[in-house]
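Got a structure for you, written out below as structure tokens; questions coming shortly.
Letters are used for the chains, namely A, B, C, D, E and F, taken in the order the chains are written, and counting of residues starts over at 1 for each.
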Amino acid sequence: MRGLLVGRFQPFHLGHRAVVEEILRSKPEETLLLGVGSAQDSHTVDNPFTAGERHEMIVRALADLPNRQWEVIPLEDIHRHALWVAHLESLLPPFETVYTNNPLTRLLFENSGYSVIAPRLVDRGRFEGRKVREAMATGADWESLVPPPVATFLRGIEGPSRIRLLAAAGSPGGQ
Amino acid sequence: MRGLLVGRFQPFHLGHRAVVEEILRSKPEETLLLGVGSAQDSHTVDNPFTAGERHEMIVRALADLPNRQWEVIPLEDIHRHALWVAHLESLLPPFETVYTNNPLTRLLFENSGYSVIAPRLVDRGRFEGRKVREAMATGADWESLVPPPVATFLRGIEGPSRIRLLAAAGSPGGQ
Amino acid sequence: MRGLLVGRFQPFHLGHRAVVEEILRSKPEETLLLGVGSAQDSHTVDNPFTAGERHEMIVRALADLPNRQWEVIPLEDIHRHALWVAHLESLLPPFETVYTNNPLTRLLFENSGYSVIAPRLVDRGRFEGRKVREAMATGADWESLVPPPVATFLRGIEGPSRIRLLAAAGSPGGQ
Amino acid sequence: MRGLLVGRFQPFHLGHRAVVEEILRSKPEETLLLGVGSAQDSHTVDNPFTAGERHEMIVRALADLPNRQWEVIPLEDIHRHALWVAHLESLLPPFETVYTNNPLTRLLFENSGYSVIAPRLVDRGRFEGRKVREAMATGADWESLVPPPVATFLRGIEGPSRIRLLAAAGSPGGQ
Amino acid sequence: MRGLLVGRFQPFHLGHRAVVEEILRSKPEETLLLGVGSAQDSHTVDNPFTAGERHEMIVRALADLPNRQWEVIPLEDIHRHALWVAHLESLLPPFETVYTNNPLTRLLFENSGYSVIAPRLVDRGRFEGRKVREAMATGADWESLVPPPVATFLRGIEGPSRIRLLAAAGSPGGQ
Amino acid sequence: MRGLLVGRFQPFHLGHRAVVEEILRSKPEETLLLGVGSAQDSHTVDNPFTAGERHEMIVRALADLPNRQWEVIPLEDIHRHALWVAHLESLLPPFETVYTNNPLTRLLFENSGYSVIAPRLVDRGRFEGRKVREAMATGADWESLVPPPVATFLRGIEGPSRIRLLAAAGSPGGQ
């Protein structure tokens, strides 16, 4: 039995960690597929980190969990919403349950016959990707919003400075 | 002899119907190609319906016209405006006249030697795709803006609820 | 009720016409969608004619049928077979039956729950796209293999000379 | 520390399993990334199975190994060899060693400064994807060429019949 | 020895010319590659002119320079920033120095080991592509912002009227 | 006035040089655009060298010509022959004459109203890209088939060993 949780994880924060923990606890027999959405994107304001960097964040953030009951899988966008479920079905091993609070994800998977569960969000006011990125850009406290190993990783790759730079940069090549 | 009218038809409304009727009346010897633009898009705020759903709307909306003097053709975007006319010429059977009020469509086709006619728009203040979508999203009266068979079809596929959902959803997969 | 017949129609020959006639006769209440596959391709050895030229061939070849019980729809390839049915479902109005003798088409549609019917092929030894193209390339009799209006059309666009040229040309730009 | 082994795994056979075992044994401190190449392809003669099906095969084939020292990651093609290493670097978490017997893979990674190791191939005459697929197509013994759980899985999804069908089918849609 | 300056040059203005002149003066032994970014785009508000039109502008704008110490090269976007440097390395002859004031361009090239120099911008308040396009759209004085041969060229292709039209048009095909 | 010569130049050989020389001699008032076709491809059997490497070969091969009457421009494929001329028109500055011996290139440009000239080929039996690549692969004499500066360049980048390797390699990632 497998479940699927898709997110962009830009970056992987404590809200993500709480959702993963709750799913793993409530479904000890399931393997959770962590789909890294928009895997092809990086170095943009909304998607500053590569799929590989996000993969690394997740591995570090979940390293202390007792069982290796999860897998990380990059998912490139297909940009055609009507094909999105078929796209994921072709890339992923079989899964039965989808965890999402995104209403379009719910609609598309329900139309294809999947069971969809809305995970309880923890303190959504604080733990939201956009807010973490803004805190990194403005020099506000962001480290308390992510698991400590993610904070260490992001400092190591100079994540905050990359995010500040992207806010000013637009696309490469523009003069 | 064929004419071409390209639109996104999100959804097909009474303004579209009036334009089609006027063209068919004024050119009884022409077949009108109804090109469904951005055919690859669906389930977004600006393009909520698939090309197939839009095709179905058009067939129902025009079913009472006396002659089958029109054809519906999905047109995927090419995202390179300088190639757009060549793209359409390769996908469509030969046509001589283009009907449009879009100044870029006019420019591109005139540069390629086509005859371009601006159809008279009926009550543009009311009959505009964006306004119909907004009425569907907000629960205002939208049914009087589309041909009755289109209203029936859109209720059947729960169009208003899809549009409301899309306004809240962004892309699938985002958490 | 609609049925779907997908082919590349390079060119539309008497075998295609026979299949269409039989489907229309056996299902007088159905509209037949004629999907023009590989619509984006043209000017190659296997796909010499544009989707628009193939559309024109079909319209001329079927003009003498009593009812306009069919529609022509260009279908660009998606190059991912696992998404092909979802791709067609998004582009086409609803259809219930698929007509095909291609075993992969059958497999993919049956996996998605469609009813698939294998139309009886007429004299497959003669009426096959590849053989018609070869006859055009070698100067053998090809005109008796296509409906007379298609022969007229193909002569008008110098189809045989295009096919001979393509056999020698490879891609444009190669020296 | 991570190593990377990229293959198409169509299907995952005993030669793959032997290579994985040897790498894991020789590098007990490494995590091995199993990159599933041409992840977007399926239902073709050379790539009959989806990335998800191949993922499932690998998980089953390696389930009896003592440690979960490996990860499976789908890799869509980029079709530009000069960008292939950068493409993989963006999708994968950091890795230091590449295992390959493909000379182009070696060249591209060495040009980018990676350490490349050629794993010893076991009985290449028998254990080769193309030969396994041919055995499945012709009804020869293929089950002894793959790990028993892969044989069970492939029978369950009617793999041999899919492969026979693909040999006859070409692309979907062709008539 | 070669240097690289990437810009969209929509249009090529006096600020571009000043930067080119300073680079050529300071590096008389270098050939300067002028990469025309977003080469695939045209007929949009931000990218009104084709790569070919921008090429022509540059050739005319620099025709009076004493040596032909520069080359113009169209660069199609790759839309994956992590691959952008590899993309340019594959398309361009070898270069050692990159001239840019864009912080993302600097970051990406420095990460790949290039020497990056920030050219001194001349009167950035006036000489900026967006401002030139706005002046063309509003009928303000734009001719003093571009080299005289560029002004002549833009008048010849009716550039200002194209820009005004694009502001009103959106994409072709929308009704 | 400009002319256009498109080739893949894999590699640039003495036959190419002879054609360029003859064009420049016969049209002293023209600038010759040397379009490097299939610019996105490299590291394949048919396209071993990147567009940048081919650019470098051309610059070196023509460095001794008296006037800089030519430009090198990479041209990525569009894979839709019906759009190929429009694609080139958007990427290239205006040109009036096309030089080609490829019958499809001739057909497509003549259909768009261009003047097409077939350059005289010199000793086609020897000077042909495929034959030069084969000589490089087999260790036969290839150096006498290319301009001496190209031979020097190809030795410097270990071209012959790359070509031998590609013949054995297929795509990267295959095991």
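Everything that follows uses one rule, which is that contacts are C-beta pairs under 8 Å (C-beta built on N, C-alpha and C of every residue); 3 or more make two chains touch, one makes a residue touch a chain.
Keep in mind the model is a prediction, meaning the values are calculated, not measured.
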So which chains are sitting against subunit B and subunit D at once? A, C, E, F
Would you mind working out whether subunit A and subunit E touch using mostly the same residue numbers, over half shared, or mostly different ones? different
CA centroid of subunit B to CA centroid of subunit F, Å: 44
As a quick test, compute the distance in whole Å between the mean CA positions of subunit B and subunit C. 26
Where subunit C and subunit F are represented by their mean Cα positions, the distance between them in whole Å: 36
Residue numbers in subunit C touching 2 or more other chains? 40, 42, 50, 80, 82, 89-90
By the touch definition up top, name every chain pair that qualifies. A-B, A-C, A-D, A-E, B-C, B-E, B-F, C-D, C-F, D-E, D-F, E-F
Footprint of subunit F on subunit B - complex, ascending: 78, 80, 82-83, 85-87, 89-90
In the complex, go through subunit A and note every residue touching subunit D. 39-40, 42, 50-53, 55-56, 59, 68, 71-74, 76, 89-94
What residues of subunit E sit close enough to touch subunit A in their complex? 5-9, 16, 19, 35, 37-38, 75, 77, 79-82, 84, 100-105, 107-108, 129
In the complex of these two chains, what residues of subunit A are touching subunit E? 40-44, 50, 162, 165-166, 168-175
